[in-house]
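Both complexes shown next keep subunit A, but they swap its partner, so subunit B is in the first and subunit C is in the second.
Up next, the complex of A and B:
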């Protein structure tokens, strides 16, 4: 009897290596390096899964984050992948939105691109502290909503949020511009000394503002007759 | 240009066995050469690949027609062999694209392009194919240009496109097209990246009043047979996160489903009632569960016996007249005749009695048109089980029955009518009118009773009393645990014809055994 599979004897499946394989491999490698850096930050900064939001802790965390990302070649898309990786519990043991925001800010501030677009609409968590210390010459666009302390300590960059932000947006910013398409929460611009915050929707409340300008629905609301600069 | 089919047909006959062998003999019918248009090479109708002769005629000046046919076949076969593979995958991908784009037409287009990219990339990686040569010669306007740039980048071949849309192509190139388990998230990313091109394409189509052609064919319901659609919907119902996702997807495809002749009761019924997505969801979901029924030892005696009365009419035989109820008179309207039925006796043969489904649709129950209702799903599974065994099903759907919040459906085999009755939601108080139940029980011989409720019934004591007095087999399903379920269990614990099943989650439904009685008194086994 003729073996019907005879003609396939010795046939090997033709699995050609295509550039897509290389792209995906290098993407995975970069992501795992970024994740390692983040885990290192967590080990140092949030040993008990608790992270207190204080200015000194933010500064310290940012320094560690900068150390962690040293030597990693990454693009804006890698930062976006990292944000989604954080959202998935099977890829990283825990997500604490504070250190995560500091780490993402460090990644953005040291990225090669001048303009970084992060499409975070499908993210389940709202990351805090995005745009921390964004330097001059950088433009960070976030599609989706973000958490508290967005754009704090902004240092000349332009931060565009294509959604809403929560409390303390632009707190302590020195210069630069924050544009929020929708609404922002309480204490907006608390302690800011310069720069502009432009809000397309509603501002729930302003903080104690030293300098700079704040617009709500195209109206200048700080400085104004009702809102004078605060002196600490 | 009218194409000469003969030489092309010869080419197709020569290439088809080669292509089949290359793809390890897919179960596909022989492809067909059709006149077709010049712009679209391939159409797939119920698995039949139809290649446009005009397209081949047009491309033969630029490419060896044998190679062109082989490339088109590779593309078509890859859709069958790899992506989407089945209608369920197609629906799932469409549903994810819709979530990302929030627009039906754009989601359909994004799905179509995604399927092409996956199928083509699969061919290029896994098989010897001339697809890159074909793509080199296809038009590259709009989104086709972006896709060609993408192919150039991820296949590593020169397709003659400039490095345009760099940012988009860079993003698209990072998607793992050949990782099936990640297709759901991949299509979302893919759709978002090409969103503005899709918008432009749609605007242009509206202006020109014609659809922008996809050179290697569109992906629509035409690609699938009615059986595949039916199976796809069934699997989709069991994998979607919630009822709303199913509903939205089916509502989007309603017109196409109707055009394909897919109606409520399932495939192959031609012009049926318009699709009710909620009903279809429960129908398809229930098909994934099979509830066992304990059959009763019952057989037909073959003897006809007088069963009930009906008015005598001229032409009916005189021997059936019942003189006792006709006052001794032969007069239409007054005279009564006996309706005879074949008798049933208990014996060796087993069969399934009819079933009365009593379903609670009061305010404490989930509205089946908003969220997945376990009560409706359970009742639907019971309905399927009885209908499959050629029994009939009646429905008593109640909320505050004494205020008219009730629905009675007499014994029937009409699946759609039964589902409609089961899915009706009143959302009021909870009281059951036992007279209605008695009325329905009288319509059949010792029917089984399937009751599904959370037991928070105002007249629960009366129901317990009623069940204590009947011999019908009762399958009582209670949702959750509360004092009322405990009372029901306690009140009927001595009754051997009543079995109680708790349902806390979807997975508890298959544990229900219909018509189970604790001591099977007449079982021949």
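Up next, the complex of A and C:
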């Protein structure tokens, strides 16, 4: 009797690949490399799941983050994917918003795109330190609210927050521009030496500002008669 | 491998000529980025494959016309001869008018000589309004339709090449049901549709008197040959000579070259060699399983009702009454090969099968009444039977995509098991896995 499965003789299981499969696979690979870099940062900087926000720790974390992302080919979409992966506790069991923000900032600063849009309005957590050291020529737009220390050490780039930011926004920034569409918290612009912070809503409080300009609802509030530059 | 001898180009030119000059239509099929009219495309495929096509539609929408033009141009018979050999379905139709009659002069002399009808003699056979033939008379043409064997008195005439087009109106007071064995013998069912008001207007403007496919002189000469009492094979040769001459006339007047008998034969040999790829193969097996499988009774039987609560309720087998006949895979593979050949593709792939399948299923499937009641009100562009067949095809196609890799693996393992190797057949949630186990079980 003829074998009715003759045509399938020796057929090894060969997956039919459509272009989408390839795209998805490459996306998955990229994301897993980004995640590995982040886990490496946590291993070095937050061994006990505690991370103290200090000037020196931020600098060190940023250096480790830059090392971790070296050689990874990624896009703005991958950064966004990473943010949502952070939000899922099953993927990253220990989301620490400080190192996470430093890491995301490193990713943004080294991305190929000049303009990066992160749609983070559905994130459950507010990430700190977004826009850290954003260099000149880069524009980072964040849809949603962000946490503390947003845009600190900004280095000539343009950071747009389509929501609200918390405390210490623009602290230590040197140049560039931060636009926050809604409100910001206390100590805004603390230690900033240059650049502009434009706030569409309300500013709860300003920090000790050395230089630059701050606008609240289109009014220049620093420097002004009431707020003079602070000299450390 | 599809040979590149230019026949496809010739046939595309015929399609284009009919489409632009004779059977103005609106494309309703897309395959691999190209658009075709289903009635015309399947007419052409039927002619090159040597198949049987049932064309349905409202009166006056070109059911017969499309078939006549295809037959005329591909077989190079003048339109008048095609018309003169058509059988019209009506209650008074007789075997003597359809098949043949005794030669009265010879009968008076005591000799039994059959005068065969033109319908039986020429390769292009058109039965107009087949469902107006009473059911008893439909049985008369079963064997001829199926095998090309025509019997009358003690004589037999065998067509070595023929193509059959039959038209049917939708059910009205004058129509009968086409009997199941006859309907199953049709390879495909298509609808000749309204072309839309704009094209219909263009059809209305065309002169009825000017038909380039008519040629009274040629028609007279064909009739002369058909009337003679020479042996049939000799008659066929004479007819082919006339076809050659009419073909030259067609080339000169309309610039379209028909196909010689040996060319048609060559094409059939070519398309029979078009390989079927593994996806098309496995997908068709999946389709056949869903249209023939019954978990409770072993296979579908039109006399047995599917029970409620069956594990396979979500599959097509639950919605149909009858079992897919063995003519179904023959039609699907044959027409898919013809389509792949026509499109100059190297092999039959799943897209060819997916396109052909609804037209091979539509007339063969007896859907359960409850399923028809559920589906008949849904918005659609096709007649219900084609619509249901298209829906079923897409449903199975989706299932195939979901389990394609696993199914191919299962079929590969089945090969090994059938060869007696110690392997365990793969389990899966589809009737086909059950059928594989039955095949392997019967072997062990």
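Side notes on the structure shown:
FYI, the second predicted complex is superposed on the first by the 216 of 232 C-alpha atoms of A that agree within 3 Å, B and C clash if a C-alpha of one lies under 4 Å from a C-alpha of the other, contacts with A are read in each partner's own complex, and residues count from 1 in each chain.
Simple rule for what comes next: a contact is a pair of C-beta atoms (placed from the backbone, for glycine too) under 8 Å apart; a residue touches a chain by one contact, two chains touch by 3 or more.
If you're wondering where the values come from, they're calculated on a predicted model, not measured in any experiment.
In the superposition on chain A, A:218 contacts neither subunit B nor subunit C.
Of the two partner chains, subunit B is the only one that A:119 touches; subunit C does not reach it.
Once chain A of one complex is fitted onto chain A of the other, the partner contacts of A:226 are absent, as it touches neither subunit B nor subunit C. Of the two partner chains placed by the overlay, only subunit C lies in contact with A:4; subunit B stays clear of it.
Judged by the document's definition of touching, subunit A residues 13, 15-16 lie at the interface with subunit B and also at the interface with subunit C. Per the touch definition, subunit C reaches subunit A in the complex via residues 278-279, 281-282, 404-405, 408-409, 411-412, 414-415, 418-419, 436, 439, 443. Listing the residues of subunit A that touch subunit B in their complex gives 13-16, 18-20, 23-24, 27, 75, 77, 81, 119, 122.
Those residues of subunit B that touch subunit A in the complex are listed here as 100, 121, 124-128, 153-156, 170-171, 173-174, 176-178, 188, 192. Contacts from subunit A toward subunit C in the complex involve residues 1, 3-13, 15-16.
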